[in-house]
Structure formats: structure tokens, C-alpha cells
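Below, each structure is written out as C-alpha cells.
Here chain A shows up in two complexes: once beside chain B, once beside chain C.
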Partner chain A sequence: MKKFTLPTKIQQVLLGFTALGIIALAAGFAVDAHRAWAGLLVFTFFLLILSLAGGFFTALQFISGAKWSVVVRRIPETTVMVLPVVGLLLIAVFFGIHHLYEWSHLDVVENDHILKYKSAYLNTPFFIARIVIYFTLWFGLGMALRKVSLAQDESKDPAQRTTLVKLSTAYMLTFAYTFALAAIDLIMSLEPHWFTTMFPVYAFSGLAYSGISAFIILIVTIQKHGGLAEVTEEHMHDLGKFLFVFTTFWAYIAFSQHMLTWYANLPEETYYLEVRLKGDWAIFTAAFWILHFLIPFGILLSRDVKRDGTRLARVAWLTLFMGFVDVVWMVYGGLNIKGFPFGWLELGLFFGAVGVFGYIVLAAYSKNAEVPVGDPMLEESKHFHQPI
Partner chain B sequence: MISFKEIKEGLFSYEEPAGGWVATFKKPTDLLKAATKVRDAGVGRFDCFTPMPLHGLDKAMGLKRSWVPFVTLVTGLLGAALELLYITYIDVFDWPIVYGGKPHFAFWGYIPILFEITVFFGGLSTVAAVIILGRLWCINRKPVAPGITSDTFAIWIGDNLTKEQVENLLSGLGAEITPVE
Partner chain C sequence: MSAMENTNSLRIGKPYAEIDNDILKPLETFPTKTWWIAFLVAASALGMFGIVLTYSFFKGLGIFGLNNPVSWGFYIINFVFWVGIGHAGTLISAILYLFRQKWRTSINRAAEAMTIFAVMTAAVFPLIHVGRPWFVYWIFPYPNERGPLWVNFRSPLLWDLFAISTYFIISLVFWYMGLVPDFANMRDRLERFKSKTKIGQLLLDVKKITLRVISLGWVGSAKTWHHYEKMVLILSALATPLVLSVHTIVSFDFATSVIPGWHATIFPPYFVAGAIYSGFAMVLTLMIIMRNVFKMEAYITMKHLENMGLVILVTGMMVSFAYTMEFVMAAYSASHNEQYVFLNRLTGPYAWAFWVMFTCNVVSPHFMWFKKLRTNITVLFIISIVVNIGMWFERFVIVVTSLHRDYLPSSWDMYIPTFYDYAMLIGSFGLFFTMFLLFVRSFPAIAVAEVKADEANEELAQHH
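Entry: the complex of A and B
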């Protein structure tokens, strides 16, 4: 079993990024505590979607019986190891609940007709209980998937694939409901008067978009440092297609959400876009939509870019960054953040997220075999190739 | 006026293939080797016939990338541009009506239509491009070898070569070489 050795240089860079994130957050609390709490929520949610994307991607491959992806599967399987950090961050977010969530103030709820009716769902004890339940399910099922897959490396038992398919089905069903609710609880309830029926789908499209970007970057980085020789341009092509698909899917969902708001023109819906389209936000939102969708979409139309790991990774850095900006866009709009919505704090937090996620995933990845050596489909995956 | 009978006869009559040689194989791997050899020998006109899709045959034959995606992109964009002109002409100049308090040039409302027209133009022109680039109208050809839809893998060589030249080219692959008349 070949294992990947994580170069010390990469370790140092990733730990440096993590330190940068911590410094930015600490400085943020010193300068503007309100903005720093919002930044902490962005950081937490971004790490949460990255680590859940791994379980989603793994489960998707097992349920669909995909064979091409066996050589790249170990990376998404590993992202569940970031969840404990997310758990700690969520505890930190609980302490900032009064800074972030309007519905957590009982006096506000008492005088607000809408919030009074919503308080059966939006109240602090139930909120914390829900997050604890989601987290337990995500961590339990994600670790189970990882454990069985790692056990297969030793046992080489083809029948364990059946167990993995069953676990994946359980993961997918649980993930669909819990993530939809978690997105509503953590992000959408920042603006408890707003309503939309698209929000969980929107958050999910961001999850898949950021997740696949992160996997591409990790796989290309591992390859650059002498690992994962099994991954050829044929596999990169499919990963590129996934990135292309989720770029388009995000635009489709974002447009579906906002066009209906524009069409219906109801005051309780339009204020969401109103705050995000005036003042400093106008440039930010325009740049966000162009860089999140139009530019990656145009570049990823090319077949050559998708087949070239180096160039695909460059696009993936852009899309990963824009996935982070998407979370900033969702969170900051509802919280009356002063000044331009993207500054040194957010940049530092992005680096922090890259550092934490990259370090934990790569360190855990280098402890086990590079590819699932016990999977009966591994040989077929190595010889996978695309039609012309 | 063309009568129905003439169309029917036209569809089911056979046009003879244009000469050359056909080599048949019983194993797909032999066809892949033969295709590589024929490609490397610089034969201009040749084609392969298989009863099922054969992985790697495109590379063995040295096929270039298809034009179809470019046709889809260009015609899709063209369709969107034409539709934008058309809808703008109607909504802004020809028959300006206020719908639901929206401006005459209501770009956000046009996007679904532009998207659909892009798909429509792109889709139809892709089908046309596949028919034209794949020469799918040649439905009246007599098969070059009888078993190519069941168990025979065949390569047709259209260049003016003698039987010895074809035999030398495909030597050691156990090919059965027959002229196409």
C-alpha cells in the first residue's frame, strides 16, 4: 500500500494560513466585534460545507455505482475529519447567538408579530438541540463510511461495497434533510422575516461547488508532490465536468431564487436583494455574480482546461474563493455590516479556512493508502478513459 | 412531384460502395492494431466497422476532435442574440406595454427565454451537425462485410492499393482481405 508523504513545506504553508486566519479573527474582534461574529459564522459554515461535501460526493459515487471515481475517492472520504473542528466552531457560534440572530432576543420577539409566530421553531434551546442532532448524524454516518472503506483496504472483501452502498443511501437521505434544515437554521434565520422556498437548494449548490473545487485543488496538490499517480487526465476531465455542472447549477438556482423575487416584487422578499444591491454592495454583488458564474463557466467550456490538472486547479482556486464569497454574501447582507463587505478580515478567514481544511485533510489522508486498494472496482477505475 | 413509391424505393435501394479493400477480423484487439497500422502508414481514406462501441478506436484511428461542440456553442449564442434582438424590438419599439410595472427592456425576465432559445438552437443545430459531419444520409450503402453488425470487426481501406500492399500492411493479424465492388 503506497502512502502519500505530506511535504514539510506544505505543512508549514497550511499552518501559516491557519495562523493568519486566527490573527485576522482576533484582530477582527478587537476592531469590530459585530463583524467578527459574522466572520466567525462565515468561517464555520464554509468549513461545514467543505467537510459535508466530501460525504455527499462519496455517497453519490457509491449510490450511482460509479467506477471512474474510485481512484479519487479517498480525498472526499477524508473531509469528515474536519467536522470536529466545525463542532468546536459551532459551540463558539452559540456564544455569539445574540450578536447574530435577531430571534434570540426575547424582547424583540415579543414585539414582532411574525417572529412571535415563528418562535415555536426559532428559539434558542430548540436551535441548539437541532444543531447537536444534525452534527451527530453527519459525524456518525461520515465516520462510518470512512471506517468501512478503510477496513476494506485490509480485508480486500468485495462484499463490503454492499455495506458502503447501504451506508451511502442512509447518508444521502439524512444529509438531504439535515443540511436543508441546517442551512435554514444557521444562515436563513439571520433574516427571519425573509422567505424563499429555494434557500436550502441554494446552500446545497454552494456546498457542491465549493466542495468539488476543494477536491480538485487537493488532488492536483497531491499529484504535484509525487502522489496519486493513478489519477490521469481522464479523471481530471470528469472532475472538471463536475465543477462545470455545479457552476451552472449554482447559477440556475441563484437565478431561480432571485428572478421570482424580482417578478413578484413583494416587500417581504425584495428587501433581501435591496440591501445587497445598494451602496458598497452594488459592486460587490456584481463582481460576485460575474466571478462566481460567468468567468468559470466560460473557461470550463474548454475541454483542454478540464483535462489539464494545473489549469483546472487554477480555475478551482477561483471557484473555491467564490464559494467563500457566496457565504459572505449570504451572511453579511442580513447583519448590517458597515463598510465594504469584503476586507482584510474576510481574506484572512479565507486563508484560515484553506489552512485548517487543507492541513487536517492532508494529514489524515497521508495516514492511509492513497487509493482504496481493497475496492474491487479499482482496476477498472485506473483504466478509465473518455470518448473523444 | 415525387411519389411515395419513389421515396420508398430510394430508401431501400442500395448504392454500391466506392471500391477499395475490406479486411475482417474476429477479435476487436486485432482491429485496434490494424487501425493503428493503417493510420501510421498514412492511408488517407479508411474507416472501421464494429458491432459494438470499441474503446480506444478513436485514438487508434487518429480521429481529430469533432466539430459538433463548436457548432452547438456558436449556433446557441447566435440563437440567443437573435432572440434578444427580436424580443427587444417587440417590447421596446413595436408594441411597448407595461407588464406588472416592469420596464420595457426587462432583461431579468428575458433570461429564461434566452436560455430556452439557446438550448433550442444549440440542440437542433447539433442534430443537423451530427447528420452532416457523420454523413448519416448515406443510409443506402451495402454493408462492406456481412457480419459487421453481429460478430465481425472490419476495416475498409479506400486508397488505391494493390492486394499485396494491403496484405503487407496488415500482415500477422490474421485478416481476411476481400475487394469491395
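Entry: the complex of A and C
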């Protein structure tokens, strides 16, 4: 069983990034605490979607019976290890609940009949209880998937694939509903008067987009440092296609949500777009849509880019960053943040997220076999070719 | 769930000549009694469709159950229903092609035909609805002498025209291109037929010449195939976004409005999932009938049927997710109108329609979890029909329950379909099935060339 050794240089860089994130956050609290709380939520939610994307991707592979992806599967299987940190960060967010969630102020709720109505759902104890439930389910199922897959490395028992398929089905169904609710709770309720049915799907599209970007970067990084020799340009091509698909999917969902909101022009809905298209936000939003969709879409049409790990990873850095900006876009818009919505704090937090996520995933990854050696489909995956 | 893999060999294990004979048999023999009975039933329904349609032109829309709050009734429901059915064909031929799902080859031809006929059936309803169908070309934006009078580009109904006509054209091209090698095959096979009578010979000659023309001089050389494969790939890439765009735009018809129950941003993906759900259910119904009537069990195997059952399970759960989100958001919204519409769906005068929809669409696909049930033809057949009943009712629920109770209780009214509404609904099935029955008699219902190519590949793989 070949294991990956994490080079010290990479460790240092990632720890440096983490430190950068912590410094940025600390400085943020010193300068503008309101913005720093919002930044903390962005940081937490971004790490949450990255780690959940791993479970989603793993489960998808098992349910669809995909064979090409066996060699790359260990990476998404590992991201669940980031969840404990996310749990701690969520506790920190609970402390900032009054800074973030309008509905947590009882006096405001008392004078607002909509919030008063919603207080049966949007109240602090129930909010915390819900998050704890989602978190337990995500962590429990994600770890179960990981454990069975790791156990298969030793046992080489092909029958464990059946267990994994069943677990994946359970994960997928649980994930669909709990993540939808979590997106409503954590992000949509920042603007507690606002609602739209697409929102959970929008949040999911961001999850898949950022997640696949992170996996590509991790795989290419591991390869650059002598690991994962099994992953060929054929696998890169499929990962690139995944990134292309989720780039397009995000655009489809975002367009549907925003166009329908804009077209119907209902006052209870449109202010969501209005605040994001005024003042500093106009440039921010326009750049966001161009960089999040148009540019990666254009680049990813190329077959050559998708088959070349180095070039694909460059695109993935852009999309990972834009996935982070997407969270900023969702969170900051509702919180009346002063100044341009993206500055040194957010940049620092992005580096911090990369550091935390990269360090934990790579450290956990290097403890076990590089690829699922017990999977009966492994040989087939190694010899995978794009069928043309 | 691992049944989506294509490891299990799809090999047919028959000589190519026998595959030709099996698939082309219905085209080269006189129709069976079963076919004639089915055709007569379908044609009578189509006849009724024509009569009611003509009658409605003379009498006006008053013969239907439409009234003031419910100004959109069976027409739009049938339209959305049939457009939805029309999603599976191009999905199977384009998206499953890109996904390298080899099992698609036995079913893609009939599914594409179904798509084309379903879209044609759907198109009849807006055509009637424009009031004076002989002026239908007015909805195309072109410089004209009527003012000049331009169409309303801001209307999603116009986007529908663009989306559906584009989809129809590409689907038709796709279908025809797939048919070309098979036409060439039929053309070559025709050489062996001779007629004793003069008139018979003449008809045979007409058939020969027609096939010679429509097979576009296909010779089947390696070079031809190479070009052909490239073309299929490019067409698939072009058709894929179209599959999604059609029902997305159909959903805009509702979602761009401000009517509670219609204005929901989740509508586009929700409608697309629903369309694939109902489309696959209809493919399943047709394939089960076709394999039994034409004895095509060797080509449309249990594996195909099981895979379609799984697609139904997955898309059914996606649709259920969208229903849930609608209710969750309505509850969360604190908007009185929004909440009332959904409460009214559950408990109002049309609650029965909602619960029919719920049972058919949300509950019934879950039988597909069990391998025993999804490999049982009777169960699959029943589920496929139940799902389509459910999907028709879904559109009924969306259209009627959102409209019948207006903002002002004084404008409330019930929508009671008349005999003519039902006649149009049944008639639309007549139109669809007439076309489909003619298709299975005049075109190879299974893509012969593709099935043979896959067979050759499977054989090679086994010799390795």
C-alpha cells in the first residue's frame, strides 16, 4: 500500500496560509467587528461546503457505479475530516448570532410582524438545535463512508461495495434535505424577510462547483509531489468535465433564480438583487458573474486544458476563489457591509480557508493508502480511457 | 443501484443477418391483427380530436370548462404534459450518448420518435389557442406589412416558440441522421423482394427510389462512419442544452408571473426533472408494449427496463424534493397568499387532484428500490402508467389550483372540465399513438446499425 508523504514545504505553506487567515480575522475584529463576524460566517460556510462536497462526490460515484473515478476517490472521502473544525467554527458563529442574524434580536422581532410570525422557526435555541442535528448526520454518515472504504483497503472484500452503495444512498438523501435546510438557516435567514424556492439549489450548485475545484487542485498538488501516479490525463479530462458541468449548472441555477426574481419584480423578493446591484456592488456583482461563469466556461470548453493537470489546476484556482466570492456575495449582501465587499479581510480569509482545508485533508490523506486498494474496480479505473 | 453499470454484457448473441431480420420484420410483412386494432382505436380517438377541434372553431371556447379565474385549463395542461413527454428521446440519444451509456442503443430510436410525436402533439394546443391558426406565422418575428407589427419579445410564450421549434428541429435532424444507415440497410435489403403483379412492382419501385433518396447515398465505408460518428458527437453536444432549455422555458410561462403557486424560482430545474421523469415513464410504457408485440425481448432486455426504472426512481425523488421545497418555502415565507395556495392544494376543493399527484409521483417510484419489483414487467408497466397519470395531475394542480381562487374571494370559481375537454385530452393520445403506430410500421424501431456496432464491440471485448 503506497502512501503519500506530505512534503514539509507544503505543510509550511498551508500553515502559513492558515496563520494569514487568523491574522486577517483578528485584524478584521479590531477594525470592523461587524464585517469580521460576516467574514467568519463566510469562512465557516465555505469550509462547510468544501467538506460536504467530498461526501456528495463520493456518494455520487458509488450510486452511479462509476469506475473511472476509483483512483481519485480517496480525496473526496477525506474531506469529512475538516468537519470537526467546521463544528468549532459554527460554535464561534453562534457567539456572533446577534451580529449576524436579525431575527435573534427579540426586540426587533417584537416590532416586526413577519419576523414575529417566523419566530417559531427562527429562534436561537431551535436554530442551534437544527444545526447540531444536521452536523451530526453529516459527520456520522460521512465518517461511516470513509471508515468502510478504508476498511476495504485491508479486507479487500468486494462485497463491501454493496455496503458503500447503501451508505451512499443514505448519505445522498440525507444530504439533499439537510443541506437545503442548512442553507436556509445559515445563509437565507441573514435576510429574514427574503425567501425564494431556488435558494437551496443555488447553495448546492456553489457547493459542487467549489468542491470539484478543490479536488482538482489537491490531486494535481499531490501528483506534483510524487503521489497518485495512477491518475492520468484521462482522469483529469473527466474531472475537468465535472468542473465544466458544475460551472454551467451554477450559471443555469443563478440565471433562473435572478431572472425570475427580476422579471416578476415582487417587492418582497427583488430587494435581494437590488442591494447587490447598487453602488460598489454593481461592479462587484458584474465581475462576479463574469469570473464565476463566463471565463471558466470559455476556457473549459478546450479539451487540451481539461487533459492537462497543470492548466486545469489553474482554472480550478480561479473557480475555487470564485466559489469563495459566491459565499461573500450571498452573506455580505444582506448585512449592510460598508465599503467594497471584497478587501484584505476576505482575501486573508480565502487563504486561511485554503490553508485549513488543505492541511487537514492532506495530513489525513497521507495516513492511508493513496488509492482505495481494496476496491475491485481499481484495476479498471487505472486503465480507464476516454471512449472516443 | 449498481445496475447503471454497463459491465454486465449487453451482448445479443445473434448473427447480424438475424438481427436485421428480427428488427425489420414489422416493416417487411403485412401488419398483424394487434396492430390493426391498436391503429383503429388510435385513429378513432384522432378522429374525435379533429371533430371536436372543428366544432370548437365554429362554436368558440365556450364549449370548454374555462371561466374567468381559470382562464388556462386543459389546453395548457396537455401542452406541458406532452412537451414533458418529449424530453426523454433526445435525453437518451444525446445526454446518455455523452455519458457513454451503451444500453441506450436499443431504445433510442423509438424514444426519439416518441419525442418528435410528443412535441408535435403538444404544439397543437398553442396552435389552437392562438385563435386563428391560419395566421400562426404571425408569431414569427420577421419584417412585415402588418404595421409593422412585432411580437412581444418579453413574453415567455414567445421564448417557448423559439425553444420548442429549435428543439424540434434538432431532434428531427438527430433522428433522421440516426436513420440514414438503417435506411441504406433497408434499401439494400429491398433488392431481394420481387412482386408478381405489376402494381406491386410499381409500389416496390417507389419504395426503392424513396429509400435510395433518403439514405443519402450511404455506402457504409470506414470514412463515412468516421464522419458520421463525429457528427453524432457534435449534434449531441448541441442537443444537450436544448433538452434542458425547453422545459426551463415552459416553466417560465408560469414562473415569470406574480401568481402565488406559479411564481417560484425553483420551477426551471423542477420542471426539467419532472419532464425527464414523465418522458422516461412514457418510454417505458412504449418499450414494454413494443417488445411484447414485436417479440423484441432479445434487444430490449430486462437490463434496459431496469435502468429506466432507476431513472424514474431518481427523477421521481428530485421532483419530490422540489415539491418539498415549495411547501417549506411557503411555510417559511410568512406570505399570506403563498401559504394559502399551498394549504388550498392540500385541503381545498381540488385536494383530490393533489393527493392523486402525490401518490403517483412521490410514493409510487419508491417501489423501484427493490430489484424484484423493477425487474418485474407487470410492476414496471403499471408504475410507468401511474407516473404519467401523476405527471398529468401535477400540471393540473399547478394550473388549476393556483388560478381557481383569485385574490378576491368574489372572483372564485370552480373549474369543471366538460365533455369536450376530455375529448381533446383523449384525442391528443389518439394523435400521438396514430403517429407512433405508423412509425413502428414504416421505420426500424430499433437502431439496427448501432445495435450491430455495439454487438461487434462486445464481441471484440470478449475475444480479448
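Convention: the second predicted complex is superposed on the first by the 387 of 388 C-alpha atoms of A that agree within 3 Å, B and C clash if a C-alpha of one lies under 4 Å from a C-alpha of the other, contacts with A are read in each partner's own complex, and residues count from 1 in each chain.
Everything that follows uses one rule, which is that a residue touches a chain if its C-beta (ideal position, glycine included) is under 8 Å from a C-beta of that chain, and two chains touch if they have at least 3 such contacts.
This one's a predicted model, so the numbers in the text were calculated from it and none came from an experiment.
Q: After the overlay on chain A, what do you see for chain B versus chain C, clash or fit?
A: Superposition check on chain A flags a clash between chain B and chain C.
Q: So, A:170: does it touch chain B (first), chain C (second), both, or neither?
A: Neither chain B nor chain C is touched by A:170.
Q: Could you say whether A:197 touches chain B, chain C, both of them, or neither, answering first, second, both or neither?
A: Second partner only.
Q: Under the stated touch criterion, name the partner, chain B or chain C, that contacts more residues in chain A.
A: Between chain B and chain C, C touches the greater number of residues in chain A.
Q: Looking at the overlay, what does A:121 touch: chain B (first), chain C (second), both, or neither?
A: The answer is second: A:121 touches chain C but not chain B.
Q: Look at A:385 in the shared chain and tell me whether it touches chain B only, chain C only, both, or neither; answer first, second, both or neither.
A: First partner only, chain B.
Q: Where does A:263 make contact in the superposed view: on chain B (first), on chain C (second), on both, or on neither?
A: Both partners, chain B and chain C.
Q: Classify the contacts of A:60 with the two partner chains as first (chain B alone), second (chain C alone), both, or neither.
A: After superposition on chain A, A:60 lies in contact with neither partner.
Q: Could you say whether A:148 touches chain B, chain C, both of them, or neither, answering first, second, both or neither?
A: Neither partner.
Q: Among the options 7-15, 79-87, 151-159 or 169-177, identify the stretch of chain B whose C-alpha atoms clash with chain C after superposing on A.
A: That would be 7-15, the only stretch with clashing C-alpha atoms.
Q: Based on the A-chain superposition described above, do chain B and chain C contact any of the same residues on chain A, and if so which?
A: On chain A, the overlap between the chain B and chain C contacts is residues 263, 265, 387-388.
Q: Give every residue of chain B touching chain A within the complex, in rising order.
A: The contact residues of chain B facing chain A are 55-56, 58-59, 63, 65-66, 69, 73, 100-101, 108-109, 111-112.
Q: Can you list the chain A residues touching chain B in their complex?
A: Those in contact with chain B are residues 255, 258-259, 262-263, 265, 301, 303, 385, 387-388.
Q: Provide the residue numbers of chain A that touch chain C in the complex, in ascending order.
A: Residues 62-65, 67, 114, 117-118, 121, 161, 165, 169, 173, 176-177, 180-181, 184, 195-201, 252-253, 256-257, 260-261, 263-266, 268, 387-388.
Q: Give every residue of chain C touching chain A within the complex, in rising order.
A: Touching chain A: residues 1-5, 100, 233, 244, 248, 252, 255-258, 263-269, 317, 321-322, 324-326, 328-329, 332-335 of chain C.
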